[in-house]
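Same chain, two partners: chain A is paired with chain B first, then with chain C.
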Partner chain A sequence: MSNLRLINETELSSATIFDITDVFTTDFDIYQVTLNNMNTSADAGVYIQFLNTSGSLVATNIDYATLEMYSNTTFGSTNATNTSIVKFATCGGATAESMSAEFWIFNPMNSSSYTFGLSQSNAFENVMESHKTIFVQKQTQQIAGLRFVAQSSATMSSAIARTYGLRVDS
Partner chain B sequence: MPYGYLGTQPNQTVKNTGVLSVTEAAELQSQGKLGGSLELIEEIDLSSSTKSIFSSIYEDVYDVHFLTVENVTMSSQAKVYIRLYESGVEKSSGYHYANLLIESDSGVTERKATGDNFLFDSTTTTGAVNFYAYCYQFGNSAKYSLVSYQGSDWDGKSSNYFGGGLLPQTSVVDGISVNANQTMQTGTAKLYGIKQI
Partner chain C sequence: MAGQLIQVATNTVSGSSTNYVDLVGTTTDDVYMVVMNNATNTVDITNIQTRVLVSSSPDTTANYDQASKALIADLAFSNDATTNQTLWRFVWTGTQVGERHSAIFYLYNFNSSSEYSFITNECVGRTNDARLYGLQGGGVHTVAQSCNGIRFFASSGNLADESQFTLYKVV
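Right, the complex of A and B next:
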């Protein structure tokens, strides 16, 4: 039996904001999140933000860096410090060109630690594009959920996010 | 194995203490929350082969798969590479991929292709080759099939690579093959479905 515990499955039909609330607790320290099958209404970057235990946005003090890997041209990168949002993917506007990603989130509910994360995404937006991203929320407040938004308020649809906790024996 | 919550809220989503009662176990099972979330579909011994095929991947059950390949060694330098199947027929062209290769003796290399004959590959080595991949939407005939992967190989130097691959066809993928240019002397491949509710 594996040590990943399925905590939550949230499905998005169509919206400009996709919230996954109250999935992180003090019961686990490390979480895996899979985001599968997301479409956007137009070619767009896709971003992640953080929610506190009240479901409110924690929109400051984020550092991140992303390596953008393309199947047909030189790789690029994006990075920022003390920002409000993390770009972790792109998504093509056509139905077939959906985006999928997996995340590891560390210590989101530890009020004496920053929240750290890793992600890797893959999508087709005229070309295959894979992103490898590192990020940190530089506040020690508890993070209980995630928010996904798309560039220029594009509508996101058909996505499924599943959150797993890495088992703790105590 | 310590997991269970007798005397507390019976929920497999919290810490692992106590003992589950039969009733609690049945309740958790019905919610899809009992047990681990990596469900082994098949394990294949790769030794003495140049191709091994996962031909029953339950693409109608899982929309995310997890593939691991570990400890592949070969008698002479070669690559291990992944291909997909549509309706039982191996696809030998049309793959897109992009990944970054980091090596302990030579730095960083961008690897990319549009229209190659494999989904992704290892480095050229006698081994050991080790990698994992998350596979998305193999059973969805309306979406392209995607993978993201990371690997770590050894051949007198450390080689690490990570990135994505894609088959830009709206089709159902119903098989995965693990291939090598030389006979694999050792190695194991495992395919899991990632549990969903």
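Right, the complex of A and C next:
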């Protein structure tokens, strides 16, 4: 049996906020989250935020760094410290210009550790844009879920987020 | 993406007297994945370093190459590349609260006696100066030999309590 266990599958039809709540528990320390086929109503950056066990936003003390790789031009980067949000992708607003991503989240429910994460995304926004991101939520409070939002409140649609827990059998 | 991840070996450091962790079991031609979680060293401003295991012993020859992009939260990104070293080093450690590291490594061709052993690294953590830092790239050990595992060790001092390393087979 695989040590990677499907915990939750959440489908987004159309909204400006896409929450996956209460997917992280004390049963696992390591999670993989896949986000497939997100569409946005306009060309937009796409961000994640963190939700606590009450479903409320934890919008402080976030550091992140993102490498932006383009198919037709020089690579770029974006980074920030002590911010409220992590930019991990872009998404084009035209038909068929979707975005997909993978995340690894470490220790979100460990109340003595910071929450760390890795992600890689790929999208088409006029050109292909692939991003690699690292991030940390610099508090020891428990993180139970993720929020996806798009730049300028663009509407997101058609996405499926799947959350897996990775067992470590001692 | 993985179909299944089957755990092969794991070690969670307890206390402060463990210098290295060996993960043994890359004994088929499958791809393997290593997850490092919540790891650091007992000594500030040191490295968690890595070597392949040959017949369960670390290969210390100068045949380790690696190249990564360093993603950093408060500085310009940089390139990190070395050749013909005696080890790979993916992590710079700190000892303060939150200065821990996690990573996903994929291991390729470790079992093959006719191919070099390759590794890809996706790392995230906070360094001794509380800086978010992570190397994204890969490495190779340029010896065509069968490697049955991988070692993670502290460059100085020991691995810290609760540092965890787990080897999975990707099937």
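Throughout what follows, the second predicted complex is superposed on the first by the 168 of 170 C-alpha atoms of A that agree within 3 Å, B and C clash if a C-alpha of one lies under 4 Å from a C-alpha of the other, contacts with A are read in each partner's own complex, and residues count from 1 in each chain.
One rule holds for everything that comes next: a contact is a pair of C-beta atoms (placed from the backbone, for glycine too) under 8 Å apart; a residue touches a chain by one contact, two chains touch by 3 or more.
As the structure is a prediction and not an experimental result, all values here were calculated from the model.
Trainee: For the overlay on chain A, clash or fit between chain B and chain C?
Mentor: clash
Trainee: Is A:Arg162 touching anything from chain B or chain C once the two structures are fitted on A? First, second, both or neither.
Mentor: First partner only.
Trainee: A:Asn72 contacts which: chain B (first), chain C (second), both, neither?
Mentor: In the superposition, A:Asn72 touches chain B alone.
Trainee: Touching A:Tyr64 in the superposition: chain B (first), chain C (second), both, neither?
Mentor: After superposition on chain A, A:Tyr64 lies in contact with chain C alone.
Trainee: Does chain B (first) or chain C (second) touch A:Asn37, or do both, or does neither?
Mentor: A:Asn37: touches chain B, not chain C.
Trainee: Can A:Tyr114 be said to touch chain B (first), chain C (second), both, or neither?
Mentor: Only chain C is touched by A:Tyr114; chain B is not.
Trainee: For A:Lys138 in the superposed arrangement: first (chain B), second (chain C), both or neither?
Mentor: Once the two structures are laid over each other on A, A:Lys138 reaches chain C alone.
Trainee: Who does A:Ile17 touch here: chain B (first), chain C (second), both, or neither?
Mentor: Neither: A:Ile17 stays clear of chain B and chain C.
Trainee: Touch test for A:Glu102: chain B only (first), chain C only (second), both, or neither?
Mentor: A:Glu102 contacts both chain B and chain C.
Trainee: Determine, under the contact definition given at the top, whether A:Leu4 touches first (chain B), second (chain C), both, or neither.
Mentor: A:Leu4 sits against chain B and chain C alike.
Trainee: On chain A, what residues does chain B touch that chain C touches as well?
Mentor: On chain A, the overlap between the chain B and chain C contacts is residues 1-4, 34, 67, 102, 120, 132, 167-170.
Trainee: Could you pull out which chain A residues touch chain B in their complex?
Mentor: So the residues of chain A touching chain B come out as 1-7, 9, 25, 27-28, 34, 36-37, 67, 69-75, 95-98, 100-102, 120-124, 127-130, 132, 160, 162, 164-165, 167-170.
Trainee: In their shared complex, at which residues does chain B touch chain A?
Mentor: Per the touch definition, chain B meets chain A at residues 1-3, 12-17, 32-33, 35-39, 63-64, 96-100, 110, 112-114, 134, 136-137, 140, 142-144, 146-148, 150, 162-166, 168, 170, 192, 194-197.
Trainee: Going by the contact rule at the top, pick out the chain C residues touching chain A in the complex.
Mentor: 1-7, 10, 12, 35, 37-38, 69, 71-77, 98, 100-102, 104, 122-126, 132-134, 136, 164, 166, 168
Trainee: Contact residues on chain A for chain C in the complex?
Mentor: Of all residues in chain A, those touching chain C are 1-4, 29-30, 34, 63-67, 77, 79-81, 102, 104, 106-107, 110, 113-114, 116-118, 120, 132-136, 138, 166-170.
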